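Supplied in structure tokens, the structure appears directly below.
Chain lettering (A, B, C, D and E) follows the sequence in which the chains are written, and residue indices restart at 1 in each chain.
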Amino acid sequence: MSFSGNIGLLTEVDGSSQVECEDTKVICAVTGPIEPKARQELPTQLALEIIVRPAKGVPSTREKLMEDRLRSVITPIVSLYQYPRKLCQITCQILESGESEYEFSQKELSCCINATLLALIDSGLALNSIASSVSMAILKGSDDVIINPTNSQLLQSQSVHVLALQLIEGSRKVKNVLFLDSSGDFTEQQLFNVLEIGEKSCLELGLTLRSIIESKVKSSFIS
Amino acid sequence: MAKDIEISTSEQKFLLEALRQNQRLDGREFDQFRDVEIDFGKEFGDATVTMGNTKVQCRVSCSIAQPYEDRPFEGLFFISTESSPMAGPQFENGNNTGEDEVLCARIIEKAVRRSGALDIEGLCIVAGSKCWAIRADVHFLNCDGGFIDASCIAVMAALMHFRKPDISVFGEQVTVHPVDEREPVPLGILHIPICVTFSFFNPEDTEENIKGESNSEITIIDASLKEELLRDGVLTVTLNKNREVVQVSKAGGLPMDALSLMQCCHKAFGITEQITDLIIEKIKEESKERDKYASILSSENARET
Amino acid sequence: MSVLVLPGDNVEVDAGKPVSLGPGMYCDPKTQMVLPVNAGVLNRTDNKRGQTLYVDYDSKRYIPATGDFVIGVITGAFADSYRVSLSSFSTPVSLSYMAFPNASKKNRPTLKIGDLVYARVCSSEKELEAEIECMDSTTGQDAGFGLLDEGMVAEVSLGFARQLLYNNDFPLLKLLAKHAQFEIAIGLNGKIWLKSNDIKNTLACYKSILDCSGKQIGEFNEIVKKNFNQFTNTVEE
Amino acid sequence: MTDFETVDVSQVSFPPEILAKISPELSLQRHLSLGLRPSLRAFEEFRDVTISEDKISHFSGFEGVSESNDILGFNVLKSGKTIVTTTITGGIVENMVPIESDDIGEQELLELTKARDELNQYVAVFPNVTIEKGRKNIPPTQEEITLSQRLHDNVLHSGIIPKKSLKVKCGLRSIDSEGNINIVYPDELDDNDIVKDTFKQISDKRSWSYVLYAKIVVFGRTGPLLPLCWNSLICALKSTRLPRVFLDERAARLKMTVRTRGKSLTVKEAHDLICDPNNSLPLEMHSYGVGFASNFGIIDIDPEAQIGDEDDDDQEMVTKQPISVLLADIDTEAEEENVRSVITVISDSEGNLKNLNLVGGGSKLTLDMIKKSIKSSKSRSKDLSSKFGMNK
Amino acid sequence: MSRFELYSPEGLRLDGRRWNELRRFECSINTHAHASDGSSYLEQGNNKIVTLVKGPQEPILRSQLDATKASLNITVNITKFSKMERSKSSHKNERRVLEMQTALVRTFEKNVMLHLYPRTLIDIEIHVLQQDGGILGSLINSITLALIDSGIAMYDYVSAISIGLYDTTPLLDVNTLEENAMSTVTLGVIGKSEKLSLLSVEDKIPLDRLESVLAIGIAGAHRVRELMDNELRKHAAHRVAKSSAK
């Protein structure tokens, strides 16, 4: 699995990150807590404005769905009640899609989740845990689960999956499944395989994310 | 812009005083353009331009479409410059009606599209029914001034980097050859327009500027974000290497003497030459790199016949 | 011994002793679990009276906390208070006309929109608008706060500003002082105000502070030297 | 300031319907602790679903596609207080790369493209969901957009509609010397018919496909809509008939010259397709791909919210009540707002899964819960398909 | 390319002008005295423009309130019937129009003494009844006239003109046919100075020709200023005569 992450490369926003996983590359910016517009304001908690922008073309319903899914992953891990009547803007820009955009959004989504997590950490917004996400595919006529498939694997797949887990206790324990979307043609057994293998690689990725964060924290402390 | 960045009067005064003493905040000379870095992505038509902290990515893509009825021999070409809060919270998502956004979009449009930098007629496939539609999406990633200049470089670099799939036409049947099947073809670039933006500051009072003879206004090239926020006027000159003025835009702002504006144009030409050479060189390097890579690949995957 | 923690990590808390939590720590009201909510270095002090836990982390967006010294820009004036921005786009804070030394109903402060003030946060409830003051409210006396006239403001990360203000071993200010005389005010909201009698000296200090933020201490000397050379020496070339 | 008054502080109690309004969460918890849901359904009980056998007024029937409108298929689905109507309309687009070609030279290329992707064998419909709010001309809400896109993705990924079932088998209309109008279709021909050559000429040049649009309108939204919309969409697709399409023989040979700025070109292919008002074919769907959708919520029963006054209640709770429970078919605002962990399953009656979506914002999603919901969704799917006559 | 002879060998243009001749320039002010605080009607060739200035007045939106100076708002309404062929869409919110509005606001912001009217709004409404090339320049001229009529303090006139470049010959004050066939430059000049408030080149022009085009443009703009000045003085004299006659 090729995964690289980079924190704090944008100067005008509060937190930023760039994540590259296989052929997919996403850059994410987080600003907040800032003053919301009147229609965004929530009386008791932080409002999230989530934007996903495609590499090519105008944002469409596909990006709206990704925004919705990203929101359902991010909402449980942000300490929303610590910032009443404030706003946090999260913008993900897909730089390289790495998949056929019309059929799939799995790789982009999992990259967006990881990038957002890193950018949130960089911004210093209070979180109650971290999260990590992988995309998976099961090829036709096979039961093997492929982690972070390539585009051609996606195209030959029988089913595709995105999994995001909430990690606590030194990123070694799974607190909850934040999100799973499986589509295609698959059996119950395959699904549990996906969950099992996905959990393993999410935990692995959690440690990778952890070391990225740790090296950033270290570098920002003057020794 | 959604909301403005707040700047104190002290900072404003300080900046002006520094300019009077021939100093810029970042230590640059008045007519010093920031170093331009161009990086290309893995896919065709992906260029990222970095100038100081300013970062702009341009992504070119293509599809097959029907040409406009009144222009059956021409392909389609769109440039989209949508802002998002990524570049800074002052930008609203997808809002194209802000003053600066409109000016930026129009200048890029005039500089690249209307000036015919891309050979539109070369995009025709079957006259009147099929043509290539080329799209350039400009993504503003980080804003520290000079968006117009950086975007223009990014668009041109991405267009030059882009390859569209090869096609063959048998009568009216069009076959699009996948990229791994046949070598994709580059776009026809007719000239390379380069935008250079000048910012004007008035160190005296308004009366002196309008009525006075001193022409003491200060002109700097390639302003940073802070300088942009505090400037009194702006001029964007677009030129190409053929000594053609492609576009000039000074939409109001501080009145400037015609002769000093002419000087700006001449200064811009020098910068245009440098940046044009830089783009061409970068494109050459990149394609060499890619060729090397491709030849390794093709030798491995030689087809059995 | 510094321990790096991430949000959701386990932090051992002695349940027998009273605990006070600082920035970066949070006690979930439902489960009563004490968790770090930011990624940074965990700081723990234990004494007889109890234990203190906080996470030292760097960020850019300032959230007002009572007692912090801050630098703000006046953005509006109301009937009895100013509206002050501590950082662009954040919810503004208020500065009462009565929060100045020797203020009375008749003796109003004379700050204008766009002016810079040095102040202290005196109230910061998360549900309410934060308030700042330009005096020592315990004595009602002048405490060095108020208008910052002219000068220049450099914006740095919050962690860097804390180092500048609180860490006496931090070498940057001493390095700068070797080259020039200047006045400085450090806001924990990441704004650093500088002023010297010469624009070029101010510029050199300003650029040095910006360049040093995010760099290792060892590099500071070089950076400061380079900037003073560039700005204050007569222009070469 | 007024004078101080003595206030008697006493416990206030509210009738259930008022409690439900002022504190939906507490009301929900109280209900759950009694083993019921606010809708008085059992935890794993679904709402009843009916589909309308009658036709809506302007849908003119299965036998032939009407000339008066362009609706190809429809469905009305009722579940609880919610009504979902789906109408399928269509369009025809030209294919850029021919789907099949007999050209031998191109064979190699074709194989390459075929191997390229699995999903390309299947196509999607383009749904547009509107949740009726009694106002006109308002931009689509996030929920509507999300639903539309999810339906689109699910149709595509579950492979219900094979690409070739949407391929237009174009007919040809000719007028013979006596002036009789005659329409022939390629699949109705013998092998050695002379007209076959003309068809080959056309299909060599160009090919077309149907595109299906689904307009889904929801009245009376009471809870999450994806299962209802999906089920309605499936039924509507099942009823869809595609009109046959033909070319006019004369139009097929039309030539036109266009001149612009000194250049000229001849447009030879002004093929105007005409839909046959009297002839239609049913939409062929993959038999094994059709599944039905259901959703489940997981919620923790808060021990503090329980009413524990009576002794027998207490006993029941101690013995039976699990800590978190699975609720089938989320409905009502109280459930939707407070149940943050939701599982949505699309599966067929055999238990083959087509889509599974977990959102875990609240209670822990355990493997057990997932298993339970898959099982429940399978039996639900069986129910629905026998009910809607899908297994014919 | 073109079927027209834009510039004949004898030195005549399509409408019979020489290269350095302006189009017919007629203007009047105070045309809509009851509807506005200042108004003008301008005919420059076939351009016909009505301009209304309202203000300084109470700002309509809170965002328009500036405690230090007046805010300036300009709306350009290009009517659907302003061209030979009736356009289907209203031109509102078109990027071209938004750009023009921005350019106009930024031109006059520096020339109107906005600091004299803090906390107010100056609203300028322009209706283009007919357009025939060089529209941006005509808009500037008409705003200058209307602002002077409204009595709002300004530093000086802003006069503007468009110049085309036909091969090597600059053509002053272009109309639509000329504008579409060649590169044009629009410039806005402050008073009798050589200072440009607005400069816009919309098509390719050799760098070395630009200077001569600017020189001719400035001369043309000065002439326009004179024409406007004459009309204003005539109008003022008329008013003085009227009031003293009472």
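Going forward, a contact is a pair of C-beta atoms (placed from the backbone, for glycine too) under 8 Å apart; a residue touches a chain by one contact, two chains touch by 3 or more.
All of these numbers come straight from a predicted model, not from anything done at the bench.
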Suppose you hop from chain A to any chain it touches, then on again the same way; how many hops at least until you reach chain B?
1
Apart from chain D, which chains still form joined groups through touching
one piece
Chain separated most widely from chain C, comparing mean CA positions
D
Winner on C-beta contact pairs when A-C is weighed against B-C
A-C
What's the farthest chain from chain A if centres are computed as the mean of the Cα atoms?
E
Can you check how far apart chain B and chain C are, centre to centre, with Cα atoms defining each centre and the answer in Å?
38
Which integer distance in Å separates the CA centroid of chain C from that of chain D?
55
With chain centres taken as the means of their Cα atoms, state the distance from chain A to chain E in Å.
53
Report the inter-chain centroid distance for chain B and chain E in whole angstrom, where each centroid is the mean of the CA atoms.
30
Enumerate the residues of chain C that touch no fewer than two other chains.
89
Could you say which residues in chain D touch two or more other chains, in rising order?
116, 261
Would you pick out the residues of chain E that each touch at least 2 other chains?
none
Quick one: in the complex, what on chain D touches chain A?
116-120, 142, 145-146, 148-150, 152-154, 156-159, 289, 340-341, 351-362, 364-365, 367, 370-371, 374
Can you list the residues on chain B that touch chain E in the complex?
96-97, 99, 102-103, 105-106, 109-110, 114-115, 206-207, 209-211, 232-233, 235, 239, 243-259, 261-262, 265-266, 269
Can you tell me which positions in chain B touch chain C when the two form their complex?
3-14, 17-18, 21-23, 25-27, 89-90
Complex contact set, residues of chain C against chain B
73, 75, 85, 88-89, 112, 114-116, 148-153, 193, 199-200, 202-203, 206-207, 227, 230-231, 235
Contacting residues of chain A [partner chain B, same complex]
9-13, 23, 25, 27, 29, 31, 34-35, 37, 49, 51, 53, 55-59, 89, 91, 93, 95-96
